[in-house]
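A, B and C are the chain letters, set down in written order, and residue numbers restart from 1 in every chain.
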């Protein structure tokens, strides 16, 4: 005590003490605080409040009033801390959330929320914990891709995506009644968000490993593929040899049998 | 036939042929070349047996023709494709006109297929025609063999032709698989990977067979050129030879015909090859060709550019082989995971049983059936009149049971598509099919047999009571009864043309037979009982005459309004012969 | 009951006389009834015109084909309802296909309407040869054997059979180079090893970028390859890729079961497995983030990556091999060594005792 009081005589001591105290706090905070959060609208507390209100009405019955999650009976609403704004944007704008009833998988259905409402919900959920933010338009802008980029996107698509979603994104089966949905007619942002959030059973493909330029190439490939006409004629379901076999029997053999019946028919006889 | 050297007949015994009428310009122009040929190869003598050969006319006889003409289309379109296809697995960087693959490394085989699809005019059309023709070819062969089976056309003397047919069906499957694997795309490459695993898993010889097939490890650099050789040389040569033998036998035995008035075992009624049959058959060839072309024009098939080049680390959901391999695929999918680990060896029953066993079972059962049925019936006579399927209910039921088992496996091959299209669980479909593949054929057998016997009863009713005329009488008592009119003799003849197949009681008189012979004969008799005990016998002439007499008088609405029928006692309907 | 085989005779008499075999006698061929075109000249002329029209359209369609072939560019599209397709392909096929179809339909129409349609009768012969032929063959064959002197000099026959049997041997042995022989040594060099080795980095497939654990989130799936795959090309590249492809997944360690022997094979819940299915070798990428199940799309074998890759459904019989991973000096994920068991489909000589089974530690 005598040591401290003996040095308190300098007039700058008070100011210095304050500054060093602040510096110390700042350093400590930087070291132990979580990394900067990428929020949809950081600090827009009004949006978050709106989101919380919407959440309470549409989401809390499964996910809990504070998004803490619950498992009771057939209701399985996972905790939402850390899913990020991108997940909300994806799930709600595709109509998957709110789920109409509990089930293995949330099917796509008409979305009833407006864009502002979705943004509010996203801001609220993002405030629960840091997670992937809604991507910027530049991230999923595929307008400047060359043919080689698109081809590389195709390779990436076939390596990472077609195992679940099929070679042209027509969808595929998962165990126990679940499925990977078709990717036809989706906008770029939706696809990007699915990759970074990993909805339901879909794994996460974050930006560090599958970089934004890789994701753009994949999305560009997919959209170009779907824009292109089916060169050979009618697509017949795009499910590969199974549908081809079906039509070979029905139209191919079927029409030829009809011709055969005509050829061998006795026809009307004149009396 | 041993004869003395033929003497040249003197001119008086050979009358010169004078033309009946003035020959038209076409005949006049052709007469020169025709004489030239005839002088060298005896054209008239060659043509004589065939010019007016008779072929019966029925639509179900054209199924084999669909297969034949599809094969011709396959050869013609295939030759076109070979002009541009490069059967090489060497890698190049693609710089062709399909942008979405620009700059990727791929095999020459895949790149040349892309070239055919986008850069060669008509290339895509012919690729698609070729693939549709392959699918229709095998479908037609299968349908044709079903017709042969259900009408009993495989009986003596046509067993060899049946075996040739089974061989062609097998070769067709191999040919199709080899063909669609040639473009080296992701989907067919995945199929090749499956075949690699299948071959490898064969107990005892698997690795040897795998290394010999792929010249080392999968994929290697030789499998596509080897499949090319198989696809354009080996199997087509075998198929052409078998087709020639198949048709030669049909010509030698003459075609079978359905029963009917004037059609008996000893004759064949129909149209002569020239002009009617040639016009219909030739026209049908062009129709088949035309339909396959139109399919190639309007219906996309095997779009390899969307699948991408084969990459052993890539896969697509919904990977299926072409439809005709679907039953093997289904067997592989629903098979439980049985594998023995004995010491340092691995016995992969989960792969070997469905992979090899199913093909063996399917073709094996097909091949031996004619001989099994011949043993059961003890029938050694020739058969040229076809069976109506209802008149051999057990055979028909076996056929439908086999089709049902095949269908269960087929569905298994597409179980993931069944799951997504019908919103059911993939796992449930697999569990269901594991049971269904055994249970459904048994159910199908029982149901089909009953349906056939029901149809036989309907035939019997028609013969005894006549056809329903649509005129309803009302009796004073209020009862309604429909008038029947007698069927034509032609129809009645047709309905009674088949022989009654007896179900034999066990032997009682066993003199002069060894124990082995007795056992064998008792087994055979038991089999005839299984086959024929439920089958109705035909009404006898006495029964028919009695029934006809009954119908001669106006509908006897007697007293109670009951229409009196001649119903045999239930035990008499079927028959057990000694 | 034997059927009448009718050596060149109609069986009609039998069909009238044998009452037991034929309760209804054969009424004979039905009388021929004329068609409309046989009696009505106008109908016949109409049919003629129809046939001629069908045939007449064919040259027009064929010329159309030629025009389309040269005039229609390859990138023209037709957009018509559900049909969005390449115009040239469609038009070439329609012209040629309809030409063929009309030619065929015309021929059939001609046969059905205008050609004489009286059915003819031909008589069958027995499939067996005539007695005369059989007798001739037997007699002459006897002479043939006699003239060959085989019966007297039996050693010729016996040595001939032996010779014919063995002449096939060179042809069969000549195929022995169809592929390398999978001896024990060869198998160890080929199907029982991959190019994974201690220190080889796990890289992202296609991009070949190395991976750091902090860049992997829980629930993430990475399709990976060994970094040294890039040094290979052509057939060797494909062969090694078909064995060394891997998947890297990150799961929450509290939700998975890691046996004691494999605790040091993973990095904080990041596990690396072979991508090649142990059933028949398809690459598997279909991973369910929440159930940790990996579903192979080929035949639906399902592996639980949260339980050392054991099979939970489907026809695969062995667990998915796991690749032990570690970090290198710069913090990238590397393999500790090659797989401990052969990857991919089973084979007879495979020693499957070292594969992971449920309950192993």
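Simple rule for what comes next: contacts are C-beta pairs under 8 Å (C-beta built on N, C-alpha and C of every residue); 3 or more make two chains touch, one makes a residue touch a chain.
Since this is a predicted model, take the numbers as computed values, not measurements.
Visitor: Would you mind checking which chain's C-alpha centre is most distant from the centre of subunit A?
Guide: Most remote chain from subunit A, centroid-wise, comes out as B.
Visitor: Of the pairs A-B and B-C, which shows more C-beta pairs in contact?
Guide: B-C
Visitor: Could you name the chain whose Cα mean is nearest to the mean of all protein Cα atoms here?
Guide: C
Visitor: Report, in whole Å, the distance between the mean C-alpha point of subunit A and the mean C-alpha point of subunit C.
Guide: That pair's centroid distance is 37 Å.
Visitor: Return the distance between the CA-based centres of subunit A and subunit B, expressed in whole Å.
Guide: 50
Visitor: Starting from the mean Cα coordinates of subunit B and subunit C, work out the distance between those two points in Å.
Guide: Computed value for the inter-centroid distance: 19 Å.
Visitor: Of all the residues in subunit A, which ones touch at least 2 other chains?
Guide: Residues 152, 155, 159, 163-164, 172, 174-175, 180, 230-235, 263, 265.
Visitor: Two-or-more-chain contact residues of subunit B, please, as numbers and ranges.
Guide: As it turns out, subunit B has residues touching two or more other chains at 57, 118, 124, 128, 280, 283-284, 287-288, 291-292, 296-298, 300, 311, 313-319, 416, 426-427.
Visitor: Which residues of subunit C are in contact with two or more other chains?
Guide: 83, 85-86, 89-90, 108, 112, 205, 223, 283-286, 297, 300, 313, in rising order.
Visitor: Help me check something: in the complex, which residues belonging to subunit C touch subunit B?
Guide: For subunit C paired with subunit B, touching residues are 1-6, 8-12, 14-15, 19-30, 69, 74, 83, 85-86, 88-94, 96-108, 110-112, 115-117, 119-124, 126-127, 132-133, 136, 140, 175, 178-182, 186-187, 190-191, 205, 223, 225, 233-235, 238-239, 241-243, 245, 275, 279-286, 297-301, 311, 313-318, 344-353.
Visitor: What part of subunit B is in contact with subunit A in the complex they form?
Guide: 57-63, 65-66, 99-104, 117-118, 124, 128, 131-132, 135-136, 139-140, 143, 186-187, 280, 283-284, 287-288, 291-292, 295-303, 305-308, 311, 313-324, 326, 413-414, 416-417, 419-420, 423-428
Visitor: In the complex formed with subunit B, which residues of subunit A make contact?
Guide: Interface residues on the subunit A side: 147-148, 150-152, 154-155, 158-159, 162-168, 170-177, 179-180, 221, 224-225, 228, 230-236, 239-242, 244-249, 251-253, 255-257, 259-261, 263-265.
Visitor: Mind pulling up the subunit C residues that touch subunit A in the complex?
Guide: Going by the criterion above, the answer is residues 33-36, 38-40, 77, 79, 82-86, 89-90, 108, 112, 204-207, 209, 211-212, 215-223, 249, 283-291, 293, 295, 297, 300, 302, 313.
Visitor: Please give the residue numbers of subunit A that touch subunit C in the complex, ascending.
Guide: Touching subunit C: residues 152, 155-156, 159-160, 163-164, 172, 174-175, 178, 180, 198, 200-206, 208-211, 214, 229-235, 262-263, 265, 267-271 of subunit A.
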